[in-house]
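Mind having a look at this structure? Questions to follow.
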């Protein structure tokens, strides 16, 4: 009786896509306007999916409130209203593409989950672009 | 050529999360305001996903109208505008969490499907919380 | 320079539509399955619209955070996870239709707003049905 | 580090579901009003999902702009504001059900992707009906 | 106590924008690909807004079920799965732009409403384009 | 026969809310985390509403494609992937709150519209917060 529970969360952040070890021309050639040195930003929509057995006593895979609070503490409080490149340690040396962000979010959440649970992370960068990482 | 077809449906219901064999204090400690004895309710959004071969004659995995009518008869007519704890037999002794509801919906639909078809059920309890069960 | 700012909020509640002074038959004839004595429920989406001048010092009509907190205190904390008929004083003698709910929400919010501000309330009972009251 | 990136696109088209080798009565019996000889139409929402390794140099699985342009050239320019039965070669002898359309879209995109990438195609025919094909 | 109630409905149709009294070149110059002689189509989302006094006896401006059935009978049954230019009498000599469609829908609904009620019609042609007509 | 046509557009930008003539403490006290000196950002959703008579010759209030191109040239090309405070001239001395942004967008579009047309601008800063300015 494995069920997946999914919880949506939200944060707003600024970022830019660029590599310090590349010239401006190279950054613009690969990342286009996403490499704007003055930054741009997004309303990120995050969905954390947890798969596990239903606890027959509670009918829960995991208490959604616990999951909500975990996402708030580990992700929203760290990323919301931040400049990802400048203020979030994980992206000092890692380009904050949606792909890398999904992996980082996964790595920040997984240590706090029951080890019988599987995690998958979906991150919407815009309503038209999103990524999913499942470990 | 296995394709998944997905059909959305909708029902509104009241429920509460609680166990008769627990004290009020225990219910509140585990289920919080979701255990309110006067009930609360939701607009549930249901998505039934059917996976199977495309029938080369019709181009259908399954006629969406047949699927729509099946969901209406087996789920909407049973759950819509109902109190799940009081009026839906499956939840007399089963806590109507979203997880348990997805399993019950799966069990109510699967006997009516072609046995070459796989079923998966997604149930939104709110726009931010949803669950998926695939048998 | 009058601008309208709009803030969405959310609450889940149980209700039924019925009049104590009508027979069951009369209630069913007018309200149909919405009069189910065991209640049903909804995920209500509320939008509060405030119209006023932009404060040239802050660029705000009103601080969205103040509006968010006001809606939380006056509406969400009063209505969320409640049975409207049984637990919300305004609906002891008033049928909790979406229309009446929008008027009640308006009346609960308006005393706390700047008297130069106009208020309008939109309430979604389901994704397909909603109402608006502007005083 | 396999991640799935998803990109939404949109096209509007007319179609009808029918078989030339069936009588009108047979077409109506199987396809109902979807077989209307004067056609009807949809706003199709397409999501292309690409799964692959993150390129450590760019942080991308694939440049979303390249994916967006590929979908535009191969799908939107071919299908948008068209009559699928009359004007799109793939559907001259293939019924343009959502299922068949998802397979055709998959086949039109896959030759242009890196062979280390997996493709999955989701196609919404209406907000309530959609299909997914993963090869 | 005037409140506006809003009800969403949905229909799929084919259409083209063109004038019989114009040359093909003129039609293409004004309407572009929307004038494709083979038609294209849309999932139209319709919202009917009715403004009136709350009936103190029922708490309703108007029974949403009555409004839903009226929209179904007068609009959905007439337009759904149809070719607007070929099969809907109102558009034999009127170009089925979203603007004209909103006016026609208004004119088809208004005779059936209480004359103390005001009507406004919103019609989405695509998720990005919509129109509103209020009489 | 005045009809309102509405067109949605989208841009992503970074911004911060602060006044150069205030101390950091004052900025934080009024704008909170929105004043973060490293910026944050949003996916802005813009809706331009144009109200006017239907042209009986075309059935259009205004060609949606012309409106789409106008929004692209005057707003999207100016704001998208930009830092509003640093790179958009209108916000050098004006705080880029959603309210001020709606007024600026109105002022940038209105000179390019037919003077018989009315304009209203809706700007979503997040899915839960939006503003409307109608001149």
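Going in written order, the chains are labelled A, B, C, D, E and F, and every chain counts its residues from 1.
Note that contacts are C-beta pairs under 8 Å (C-beta built on N, C-alpha and C of every residue); 3 or more make two chains touch, one makes a residue touch a chain.
Note that this is a predicted model, so its numbers are computed, not measured.
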(request) Go through the assembly and pull out the chains touching subunit E as well as subunit F. (result) C
(request) Figure out the least number of contact steps between subunit C and subunit F, where 1 means they touch directly. (result) 1
(message) Which of B-C, D-E or B-D has the same interface as E-F, meaning more than half of the contact pairs match by residue number?
(response) B-D
(request) Have a look at D-E versus A-B and report the one with more C-beta pairs in contact. (result) D-E
(message) If I average the CA coordinates per chain, which chain comes out farthest from subunit B?
(response) F
(message) Same residues or different residues where subunit C meets subunit E? The copies count as same if more than half of the interface numbers are shared.
(response) different
(request) Specify the chain most distant from subunit A by Cα centroid. (result) E
(request) Would you mind pulling out the distance in Å between where the CA atoms of subunit C average out and where those of subunit D do? (result) 41
(request) Report the inter-chain centroid distance for subunit A and subunit F in whole angstrom, where each centroid is the mean of the CA atoms. (result) 28
(request) Find the geometric centre of each of subunit D and subunit F from their Cα atoms only, then give the gap between the two centres in Å, rounded to an integer. (result) 34
(request) Quick one: which residues in subunit E touch 2 or more of the other chains? (result) 127
(request) Could you run through all the chain pairs that touch each other? (result) A-B, A-D, A-F, B-C, B-D, C-E, C-F, D-E, E-F
(request) Under the touch definition given earlier, write down the residues of subunit B that touch subunit D in their complex. (result) 1, 3-9, 54, 57-61, 63-65
(request) Over in the complex, which subunit F residues touch subunit C? Could you list them? (result) 17, 19, 30-32, 94-100, 102-103, 127-133
(request) Would you mind writing out the residues of subunit C in touch with subunit B in their complex? (result) 10, 12-15, 33-34, 36, 38-43, 80-83, 86-87, 126-127
